[in-house]
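Two complexes are shown next, each including chain A; its partner changes from chain B in the first to chain C in the second.
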Partner chain A sequence: MKLRSILAALAVAVSGPAFADGHEPTKVGFVYVGPIGDGGWTYEHHQGLLAVEEEFGDKVETMYVENVPEGADAERVMTQMALQGADLIFTTSFGYMDPTINVAAKFPDVKFEHATGFKRADNVSTYSARFYEGRAVQGHIAGKLTQTNKVGYIASFPIPEVIRGINSAYLHAQKVNPDVEFNIIWVFTWFDPTKEADAAKALIDQGADIILQHTDSTAPLAAAEEAGVLGFGQASDMAAFTETSRIGSIIDNWAPYYIERTRAVMDGTWESVDTWDGMDTGMVEMGAMTDKIPADVQAEAEAMMAAIAAGEYHPFTGPINKQDGSVWLAEGEVADDGALAGLSFYIEGVTGDIPN
Partner chain B sequence: MIALEKRPNPSAFWGYLTPLLAVVATMIAGGLMFAALGKDPFQSLKLIFWDPIFGEFAFYYRGQLLIKAGPLILIAIGLSLGFRAGIWNIGAEGQYVMGAIFGAAVGLALYPAETRWIFPLMVVFGAIGGFVWAMIPAILKTKFNTNEILVSLLLVYVAEQFLAKMAFGALRNPDGQGFPGSRNLAQWSSSSNSEIIAGTGIHYGVVAATIAVLLAAILLSRHRIGFDIRIMGVAPKAAAFSGVNPQRMVFFCLGISGALAGLAGLFEVTGPSGQITDSFNVGYGFTAIIVAFLGRLNPIGILFAGLLIGLTYIGGDAAQAGIGLPGAAIQAFQGMLLFFLLAFDLLTQFRIRWARATA
Partner chain C sequence: MDFLGINPVLLITALMIASTPILLAAIGELVVEKSGVLNLGVEGMMITGAICGFIIAVETGSPTLGFIFAAVGGAALSLIFAVITLYFLSNQVATGLALTLFGLGLSSLMGQGYQGVKPPLTSKIDMGPLTDIPVLGTILFNHDAIVYLSLALVVAVWAFLKYTRAGLILRSCGENAEAAHALGYKVKLIRMAAIAFGGACAGVGGAYISMVRVPQWVDGMTAGAGWIALAIVVFGAWRAGRVLIGAYLFGGVTVLQLNLQAAGIAIPVEYLSMSPYLITILVLVLISAGRARALGAPAALGQSFHASR
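What follows is the complex of A and B.
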């Protein structure tokens, strides 16, 4: 018994730096679905981690694990972080939803934040970004710029988030260019440079001169560069292609949210919330536009961004019909968040079927 | 110039020792790599190999080790039988996926009935799913003499497409708000493959893996089929003379390995994973090939090899979170293990001659 208590005391003594007042640094864990060098989704989450470190210095300790498969492995990695004393854990992929809920139930004192899901608990918050706001601006630019009237769209999975993006981009392209067509290829992956490049090439062969992507690698921009067509950075700025194919980008800026939530844990004010932020808080940002976009189109895009950020314009404002021609939103009607969250149909004019 | 010359009598002693040598060499080379990355090599290796079993949180990791090693061992046992007979099933990953889909589909068709017969029924269909998928290369090989390596491997990608189709279509959770993925089978009592003893990580798949190890050991050492398998691998002609039917052997080896891979998939989808999703398979079927060879195609060897490989996954993740080792370094580390194993194997089978280049 005595030996045991000595060991226990020893364990406490060596278990890491503590402040003079006995206050331990707040430990924040991040679970990533891809590598931090993917240049897109995971890269931006990791930028958020670095911002947290920068903001709080030695008051925080961060940890992360890359390439965590969704399922049993995710559950183990989260449990391991909780055991190692994490106070707050960000799980940054939709597929981590059930594992997050399971682990959170076992560690009621640890706070969890799950990206892009819909299941919450007393110690589980969810957060996501209104990427469709950026898609509206992209669609506008694509509609104005396309010469062939064909826009290629590389879609990942037929989930509401992706379908919202397609609808938003098409709606705004079609507003400025009634002849525009969207060719959509589903690649069923978030990150697979080979498949993404193949999809981009196929779209270019079909005549698309602007490629939009809802996948995370820079491969589509590289394919566009090779073929001399245009595209946008996705999730991250992808500035390496600024001289050639990249004419703008949608950037997920998680840093302010991660800093705010870490501070809430430090202050003891953390509560379970459902956050869905957009251009208003800066969670969705647009990267710098290049000269390939004419000045007047740039000005229109800027104006649209300002209106969205100010809450004056909602990308899904009626009249909008569903693909089958039935009415979805009447004149002036704005889609509510519940309908958007579960969106599972194309709007009128988008061709093809959503795979199921 | 370097030339390789086959050793007339490769040493059996070194044959058994190469896996251990490969592990030691991996630790040395891996340690150097970790040091080059600016991490303490000893601490890194301790985090990967020691802490999960004996460290502060071993109570949790030991169970996780069984969860990780269970499917690897179950699949590798099946593969090893074929590998010994010279029948190369490289597509266990696909059979694993199909087993999970078959079993899950049968279970979900009966949802939400509450009866204890559902889980055993799903287990049977899990085995059938893997078996059926493995029969495709078996039939093509015996009827048309196609190469089972290519056919079984390519069927993995077919199975993955089918998996995505199921996760987004027929098996999608009707209450899932349009999101992909089936109902959670681990949370439905009729289909749940939960831990038999709480906190130990032992679920029915781990039990099945243990039984498979024992049965394979008995089969190989005491049974006629085991003898036939061994002789067919070493001397196919002699096997034919002694009455072994090579076609039946193809069906037997692919069938067993497919069924075991299917079982592994079923136990995973009803337990640790819980759901049919598009990302359900994480490579157990491929990693099991490494496990089979690391274990010298010997059932007991495979048991230890499965635990060791499982440990590198669990310890690897722990080292990432603990001291910030990059994920890619862990993958390189695992790759070194296979590299050194193959290299030492080569040196056991061949000797190197330094010959003068002739112009």
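What follows is the complex of A and C.
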């Protein structure tokens, strides 16, 4: 690996800047936070890579690195990709935000795309999906289905994206089931099956009969399977658990976006943008519901998805109070994207504190 | 029954499961250290056992075969350490560290293609009506075979070291290898057997993580459990019973931490998360400050033996 990268760097140095001139394939790099085999978040990003390869065939050359820690190591990997002649690099985790900005400054001719972040530059775009739209549907189903009125939630890091998900799910669970209670465990990792499994077990031990997760592995579903409780696929369909614990899923469909952005680089029309798509464009997809969800609840969920996709319903529509009881959104008021992007508080009814 | 919203019976049950990998690795390492060898490669042997067991279990569909090969894999890796330290007289600390790095890399290589694969389920032992006894039934009679194996090993190791002649000989190698050699005992062979036993235990402990606790294969999934096991041997002052307490204590902190969070009790999670490691550091400081002897360490621990006199 090392020798190859040195050779590649030498080749770049000798042959001059290897940017796409119409004859050479466009090189697209992907930086992954977990292994492709996580069956969740990274798996779906890799599906996007495969879709890019299929769409453009010989005209693209892709590369990826798995298990890249969020921090200094990420900078090294991105730099290496840029030196290897990448024209476009997708950095697919929130924690790559500053590394992406740093490396992008050193390679002004390379385009960067950072997932779920908020820092942009002339050659850095950001993109994310409105996962909270899917969470609303999950919350609704969870509120309807829970027998113990306890829903377990495995949260990763206290960043706006995760907090939005908790709020959205709780809001819609509590709408259909005022007695519902959310037990939240922060595991401070995106991908650590041991911790995720332990967290799921702790939640189940305390009476949760539905497990929602904002982590990337299938370990919580495996724990739910063993205990005979229910859960949802996260980031990917996680269809392996369809027979047992998985009753639905949120699927992140990055493929259309990756194809579109790669084409923009090829055409020379790439610009730094901020994309935040949801069910309307299909970036947030809902996996098939299983018949463990009663037909009427399925119909309600379908109706909610349709309304969200059509732009008729926004999951954060007032009245919604903050956790301390103060007003966040008045009756009929809809949260604007700015407020959502920086969301850092629980809504009324969610118990516990957000760790720092 | 519930205490702060936490059911103590379920907590104890979860604690036993979470602690089993550490307990297995620690009880193996205890025997190794009692023979006078300090093998810092526990983490590497655990992760190697984790992947060996996982692969065999997935390919054959038998968890039992998986655990057997996890033991074989762990032991095989430890024998590399044994040959290098016992016959080439390399430094035990450096070799052990290298073994950990080697094991992590090797397991990652072997695990290519096994990510996201589901292993066959390790079933709990059917104890019949015993499981239905309130409280005790859930805590004591509702586990898989490996949990009982780990407890049986603690008793066996304790009895072996305390009451058997073979145990006495093993201890003599750890206290004064020259004296044991002078009496005609084959110090190197005895130490080699101890190292292989330690490797097998660590391998099974690792496989318990990949096959029961998660169950899934992920690179580096033992995540420091081997280091905690090493610290627990010291924490337990090289006694089997105390090692058991130590392992359950450390395993317990992890599980308790998650349960407190789930129960919505406002405690600074970060402190609890780091507490096992803090205690580990504290104990290691005590050792390096030369207080190891007072804690009951084998006198010849970590010293190479060469029959030159």
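Assume the second predicted complex is superposed on the first by the 334 of 356 C-alpha atoms of A that agree within 3 Å, B and C clash if a C-alpha of one lies under 4 Å from a C-alpha of the other, contacts with A are read in each partner's own complex, and residues count from 1 in each chain.
Basically, a residue touches a chain if its C-beta (ideal position, glycine included) is under 8 Å from a C-beta of that chain, and two chains touch if they have at least 3 such contacts.
Predicted, not measured: the structure shown is a model, and the values here were computed from it.
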Do chain B and chain C fit side by side on chain A after the overlay, or clash?
clash
Scan A:98 for contacts with chain B and chain C and give back first, second, both or neither.
first
Mind working out whether A:217 is in touch with chain B, chain C, both or neither, as first, second, both or neither?
second
For A:80, using the defined touch cut-off, is the partner it touches chain B, chain C, both, or neither? Pick first, second, both or neither.
first
Between chain B (first) and chain C (second), which does A:122 come into contact with in this model arrangement: first, second, both, or neither?
neither
What is the contact status of A:54 with respect to chain B (first) and chain C (second): first, second, both, or neither?
neither
On the A-aligned overlay, A:260 touches which partner chain: chain B = first, chain C = second, or both, or neither?
neither
Mind working out whether A:205 is in touch with chain B, chain C, both or neither, as first, second, both or neither?
second
Contacts of A:35 with chain B and chain C, given as first, second, both or neither
both
Taking the superposition on A as described, I'd like to know which of chain B and chain C A:157 touches: first, second, both or neither.
first
Both partners, chain B and chain C, contact chain A at residues 35-36, 67, 188, 355
List of chain A residues in touch with chain B within their complex:
11, 29, 35-36, 63-73, 75-77, 79-81, 83-84, 94-95, 98, 118, 157-160, 188, 341-344, 355-356
Residue positions on chain C within touch of chain A in the complex are 5-7, 10-11, 14, 18, 114-118, 121, 209, 213-216, 218-219, 221, 223, 254-255, 258-259, 261-264, 266, 269-270, 273
Chain C-touching residues of chain A, taken from the complex the two chains share:
35-39, 43, 67, 152, 183-186, 188, 191-194, 197-199, 201-203, 205-206, 208, 217-219, 222, 226, 240, 351-353, 355
Please give the residue numbers of chain B that touch chain A in the complex, ascending.
56-57, 60-61, 64, 67, 164, 168-169, 172, 177-181, 184, 268, 272-275, 277-280, 282, 313-314, 317-318, 320-322, 324, 326-328, 331
